[in-house]
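In the two assemblies presented below, subunit A is common to both, partnered first by subunit B and then by subunit C.
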Partner chain A sequence: MFFDVFSNIGLGLTVAASLQNLAYCSIGALLGTLVGVLPGIGPVTTVAMLLPISFTLEPTSALIMMAGIYYGAQYGGSTTAILINIPGEPSSVVTSLDGHQMARQGRAGPALGIAAIGSFFAGCVATFVIAFGAPPLAKLALQFGPAEYFSLMLCGLVAAIVLARGSVIKAIAMVVLGLLFGLAGSDVNSGIRRFTFGIQGLADGIEFVALSMAIYGVSEVAVNLEKKEEEVATVGVVGSLLPTMAELKYCTPSILRGTVLGSILGVLPGGGALLAAFAAYTLEKKVAKAPRNFGHGDIRGVAAPESANNAGAQTSFIPMLTLGIPSNPTMALMIGALMVHGITPGPRVMTDRPDLFWGVVASMWIGNLMLVVLNLPMVGIWVKLLRLPYRMMFPMIVGFCCIGAYTINTNITDIWVMAFFTVFGYFCLKLDCEPAPLILGFILGPMMEENLRRALLISRGDPGVFLQSPISIAFLVAAAGLLLIVAAPAIRAKREEALAE
Partner chain B sequence: MNFKTTLRAMIAAPALCLMASAAFAQAFPNKPLRLVLPYSPGGIIDYVGRTMANALSGPLGQPVIAENRPGAGGITGTDTVARSAPDGYNLVLMDPAIVINPTLQPSMPYDLFKQLATVSIISTSPEVVVVAPELPIKNIADLVAYGKANPGKLNFASAGIGTTPHLAGELFKQRTGIDATHVPYKSIGQSYPDLMSNKVQFAFSSIAGALPFTADNRVRPIATSGTKRSSVYPDLPTVQEAGLAGFEVDLWLGIFAPAGTPADVVEKLNDAIQTVLKDPETIKALAKVGVEPRGTSAKDGEAFLKNEFGKWKKVIEDGNIKDQ
Partner chain C sequence: MFIRAPKDFWSGLMFLSFAGVALLAANGYSMGRGGRMGPAYFPTLLGCVLALLGLILVVRSFAIHGEAIGQIQLRPLVVLTACVILFGLTIQPLGLVIALTLTTFAAAFSGRETRVREAALLSCGLTLIAVTIFVFALRLPLPIWPSL
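Up next is the complex of A and B:
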C-alpha cells in the first residue's frame, strides 16, 4: 500500500513534470493569482472563460491548469485582504482580520510572507493527504447527510461567537444579523422570495462579494476619510519583507494546526474550505501561547487561517476526484470539462486514468512551489503599492470594488447592495461591532437552514434525526461545549458583580 | 400591353422582394451577436450555449458571444433579452423554465408570449430516472409497487422548486398515484450523496448530472423520460415503454429573440441553427451531455412552446404547487 502510493506519486510527477503540463500549471497558477488579486473576477468566471480552450487540450493538462487557477486564486485573494482589507475570496475574510492590522503597522511584508509560506506548507501536506487518504476520506464525506451538515454548521456558528473579540452580546447580535441578511432571496425549500422588497436583483439573495467588500474595504475608506491625511495609516515604514526565523518558529504550531483542520474540513463538499479558515482562527485564539494579540496584528492570525484555507482548497479535490461531487462552482466546471473529454469523475478515475488522477495531485505540489517562487519576490512590489498617498488609494479602492461587485453577476443591484453595506459597515465600526461573526452567520445561516429543513423533510418532521448519527451528535456536543466556554466568563463576571453588591 | 405590364409586375414584385430581403439578410449580421445564458457557468445551458455560440459564428459570419446572466431561475437573463432591441442581435438560450416561470411566479418582469419570439427549439434531452442502489427497485413498475407498499416512505430529489426534475416528479406522482415527498436541492448534483445513501430514494435527473454516478452503479438508472430511448442509455426503457402512456419529460433547449424581430432575420437565424445542428462536430459535442439536436422551424417552435406551457401549467395546478 505504502509502496503503491509512492510509485503512484512517481507516476504523477512524471506526468506533471512534462514540459507541456509544467507550462499549463504555471499559466494556471499565475492566472489564478491575478484573478485572486482583482476583486470581483474570481476563479469561477476565469475557468468558465477558459473552458472552450480546455476542450482542445489533453484532459490532464486542462485539469492541471484549472486546478492551478483555483488554488492560485486562494493565494491571490489573501494579498488584497492583507494590503487593502478587501478579501478577494470568501476564505480570505479571516486573513484580513490580523493581516490588514499587520500591514497598517508596517508589517505587510511578513504578513504576505507568512501567508505564502503557510500556504505552501499546507499545500504540500494536503497533497500527501490526497495521495494517501483519498478513498477513506471520500467515504467520510459520504456519511454527511443533511442532519450532519446542520450540526456542523451549528457548531460553526457558535464558533463565530468565540471568534469575536470584545462583547459577547454584540457578537451574538452580529451573528443573528448575518443570518437574517443571509435569508434574503429565493428560499430553496419553498421557492418563496424573502426580504427582496420586490427587487428582481435581490431574487438570488445578497451577493457575498459585494457585502464583504463593502463591510471590510469601503467602510474602512469611509472611516479613514474622517481623519487628516497624515493620520491615515498607509504604511510609511515597510519594514522587513520576509518573516524572520524567529517569527517562522513562532508560527510553526499555528501552521500545523491550520493545516490539520483545513485538510479535514476541506473534504466536506459545500463550504468546507471556507469553514476551515474560520475554524483555524477560532482555534488559534483559544490555544495559541500568550501573548495573544489577535485582531491587532498577530502574525499567527494570518498563518493559521491561510494554511487552513489552502489545505482545504486542496483536499476539496477529494470529493470531486473520487466521488464526482463538486465542492464548489469552480469544481462543477472542472467536472463539466472532464465529461466533455469523456471522463466521468468518480471512484473509477483512480484506476482507469491513474495518469490523470496522480498527475493532477502531483501538479498541485508543483503548483504550490511555483506560487511561492512567484509570490515571494512580488511581496516587495505589493508592499510598494502601499506607499501610494491615500488620496490616490481610496478612489482606486472604491472604483475596483464597484467594478468587482458589478462583474460578478453583471447585476446593478449589487452596487446598491455595496453602498448599503458600506453605510452599515461604517456604523458597525463606530459601534465597535465586529463584522467577522456577521460574515460567518451570513454564509452559514442559509446552508444551515437548507440542511435543517431538508433533514426534517426527510425525517417527516422528527427532530430525533439529529441524534441518530454519531457525527451529528459529536458536533452538537462540541457546539454545546463551545457555548459553555463563551458563557462561562460571562457567568463568572455576573456572579462577581452580584457579590460586589 | 396592359396584360404584359401586369405580368411583368407580377414577376418583378416577388423578385424585387426577394432581392430586397436578400440585401437585408446580407446586411443582417454586420456586428457580433449576443447569446445570453441565464444560468451560472457549469450547467447544461452553459455548455450547450457555448458550443452553439461557437458553431453559429460560422454560418452567420459574425462572432456570437455567449454571456452568462444568471439569476432568479433564469428570469433575469431572459428579461434582459426580452427588453432589448428586436434586431436579431440579442438572443437567449433557455430550458423549460421559460414556460414554467410564468405559471409559478406571481409577478414576472416580462410577458413570455408578448415579448419573446421563438427562433428555434434546438435540442431535446430526456431525463433519467435514478433510484438509490440499495433499494430492490429495478424498473418503473418496481418503483410504483414500492411506493404503494411503503406509503410515506419515498422522497424524490430535485434541483429546486419549479425545476424540470421537480415537475417531472410531480407529474410522475400524479400519473401513478404514489405518494412521495419532494426534497429540493440547489442543483441536482448536490442530491447525489443523499441518493447514494438512500436518504432520498429517486429523482428525475439530467443525463449530464447522472452520468458520473450511473457509470459505476453508485445510483441505479431505471428509465429515461423521452418518447424514444436515449443514445446514452440504449438499454434503458422509456417511462412510456414501462407502461405510462404519454408520459414525456423533455429537457429541451430553445433560442429566443425579442418579439418584433423581423421575420427574415429570424429566418436567417433559424437557417444558421439548422445548419450547425447538422454538423457532425456539433452533434458529437452535444451528445457528450446527452443532448440531441432538434432544430424546429420558428413556427413549430412557437407551437411547441405553447403546448409545453399548457402541459406544465396543468401539472402545477393539479399538484397545487406554489411559489411566490
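Up next is the complex of A and C:
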C-alpha cells in the first residue's frame, strides 16, 4: 500500500512533467494568479470561460490547467489582500485582516513570503493526503450501490446547504430548483423530452456551461457595475520577501494547524478554500498565545488561513475524483469538462485512467512549486495590473462568455439559455439566494434521479432500501444531523457570525 | 404593506412559480409507480418540495422582519442581457468578427461612465485577440466572416 502510493506518485510525476503538461500547468497557475489578483473575476468564471478551450486539449492537460487556475487563484487573492486590502478572492478576506496591517507597518514582504511558504507547505501535505486518502475512498465507493449513492448525494447536498450563506430555506430551495433544472431534456429511460417546452435546442437539456457562465459571469458583472469603482491605493515598499527565522518559527504551529484544518474541511461538500480560511483564522484566535495581536498585523493571522485555503483547495479534489461528487462550483465545472471527454468522474477513474488521476495530483505539487518560484518575484507586475479599471475588463468577460456558451455545442439555443439565466442569476443575487447550491443540485440532478430509480427498482418500490445498508444509513444520519444542527437556533447564530464577512 | 421581509417574499414567489411550471409540465408525463418510476415521478416530488419551501418563505415574510431589497439598477442588467441576445442574433449570419465587436462595444454601455472612443478601441482589440486565440490557435469551428 505504502509502496503503491509512491509508484503511483512516480507515474503521476512522469505524466505531469511532460513538456506539454508542464506548459499547461504553468499557464493554469499564472492565469489563476491573474484572476486571483483581479477583483470581480474569479476562478469559476475563468474555468467556465476556458471550458471550450479544454475540449481541444487532452483531458489530462485540460484538468491540470483547470486545477492550476483554482489553486493559483488562492495565491493571487492573498497578494492583493495584503498589499491593498482588497481581497481578490473571497477566501482571502481573512488574510487581509492581519496581512494588510502588516503591510501598513512596512512588513508587506514577510507577509507575502509567509503566505507563499505556508501555501506551499500546505499544498505539499494536501498532495499526500490525496495520494493516501483517495485510493481507499475509491475502493469503498466501488462497493456503493444505487441506494448508497443516493444517500451520499443527499448528504452532499445537505452539506452544501449548511455551508451556504444566508437563509437555510432559501439554500434548500435553490438546491431543489437546481435539481429540477438538471432534469430538463430527454429522459434517459423513457426517451420523453421533459421541460423543453417544444424548444428543439433543449433536447439535450440545459447546457451547464451556459448556465454557470450566465450566473458567475454576466450576472455578476451586472451586480458589480452597480457598485462604485474603488480607488486603488498601493503600498509602495514591499521590502525583503523572506521572513526572519524567528518569524518562521513563530508561525510553524499556525501553518501546521491551518494545513490540517484545511485538508479536512476541503473534503466536505460545499467546503473548499473559503470555509477553510475562515475556520483556520477562528481557530488560531482561540488556540494561539497572545491572541490580542490578531487584527493588528500578527503574522500568524496570515500564515494559518493561507495554509488552510490552499490545503482546502486541493483536498476538495478528493470527492470529485473518487466519488464524482463536486464540493463546489469550480469542481462541478471540472466534472462537466471531464464528461465532455467521455470520462465520468467516480471511483473508476483511478483504475481506468491512472495517468489522469495521478498526473493531476502530481501536477498540483509542481504547480505549487511554480507558484512560489514565479509569483514572488512577480508581485510588482501583479500589483500594476490592479490599475486596470473594471470598465475595460467586463466587456471581455461578456464577450468570452458568449463565445464559450456558443462554441460548446455550436447551438444557438445555449445563448438564449444564457440570456435567461443572466436575468435569473441577477435576481437571485439581489434576493440573497446563493447560486452555489443551485449549481451543485444541477450537476447532481440526473445522477440522483437515476440512482433513486435504480434503488427503487431493485427494492420493488420499497423506500426501506435506503435503510438496509449501513453505509446508506450513515449518510442519511449525517444528513439529518447536519440539518438539525443548522436548524438549532444557538448554532445558527454562530454560523451566521462565522459566515458573516 | 404587510410584507415585512421583501427578500423572502419575492424569492418565495419565484420558487413558487418555478414549482408551478414544473408541476404543470410534469403533469403531462407518466407518473409510474415507486418500483418503476416514470418520467414525472422525480420532478413531481421536487416540485412539491419546492412549492412547500416557497410557501414557507412567503408566509414567513409576513411574520418575521427581514432585509429590504437593495437598489436595483436596471441599466446594467438590461444592456448586458441585450448584448447576449445581440451575440446570439449576429453570430451565425454575420460571423465572429462583427458579432463580437458589436457585443463588446455594446457591453461597454452598461457601465456608469462610457468613453465611446475607448470602448470602440477596446472592442476591436478584444475581437482581434479572441479571433487569434479561438479560431487560429484553437481551431474552434466558428464562422469568422458573414456567410453570403
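Assume the second predicted complex is superposed on the first by the 269 of 501 C-alpha atoms of A that agree within 3 Å, B and C clash if a C-alpha of one lies under 4 Å from a C-alpha of the other, contacts with A are read in each partner's own complex, and residues count from 1 in each chain.
Just so it is clear, contacts are C-beta pairs under 8 Å (C-beta built on N, C-alpha and C of every residue); 3 or more make two chains touch, one makes a residue touch a chain.
This one's a predicted model, so the numbers in the text were calculated from it and none came from an experiment.
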Touching partner for A:253 - first (subunit B), second (subunit C), both, neither: neither
Subunit B versus subunit C as contact partner of A:189, first or second or both or neither: both
Subunit B or subunit C, by number of subunit A residues touched: C
Partner chain in contact with A:449 - subunit B first, subunit C second, else both or neither: second
Contacts of A:354 with subunit B and subunit C, given as first, second, both or neither: neither
Subunit B versus subunit C as contact partner of A:412, first or second or both or neither: second
Partner chain(s) touched by A:170 [first = subunit B, second = subunit C, both, neither]: second
Subunit B and subunit C contact sites that coincide on subunit A, given as residue numbers: 52, 189-190, 192, 410, 457, 460
Subunit C partner contacts - residues on subunit A that touch it in the complex: 52-53, 56, 167, 169-170, 172-173, 176-177, 179-180, 183, 187, 189-190, 192, 194-195, 197, 214, 218, 221-222, 225-226, 228-229, 390-392, 394-396, 398-403, 406-407, 410, 412, 415-416, 418-419, 422-423, 426-428, 430-433, 448-449, 452-453, 456-457, 459-463
In the complex, subunit C residues that touch subunit A: 7-8, 10-11, 14-15, 18, 22, 25-26, 29-30, 33-39, 41-43, 46-47, 49-50, 53-54, 56-57, 60, 67, 69-73, 76-77, 80-81, 83-85, 87-88, 91-92, 96, 100, 103-105, 107-108, 110-115, 118-119, 122-123, 126-127, 130, 133-134, 138-142
Subunit A partner contacts - residues on subunit B that touch it in the complex: 40-42, 46-47, 50, 54, 67-73, 75-76, 79, 104, 107, 109, 152, 155, 160-162, 181, 183-187, 189-190, 192-194, 196-197, 199-200, 208, 211-213, 215-216, 218, 285, 288-289, 322-324
Contacting residues of subunit A [partner subunit B, same complex]: 44-45, 47-48, 51-52, 141-146, 186, 188-193, 198, 200-201, 203-204, 269-270, 323-326, 329, 332-333, 335-336, 339-340, 342, 344-348, 409-411, 450, 454, 457-458, 460
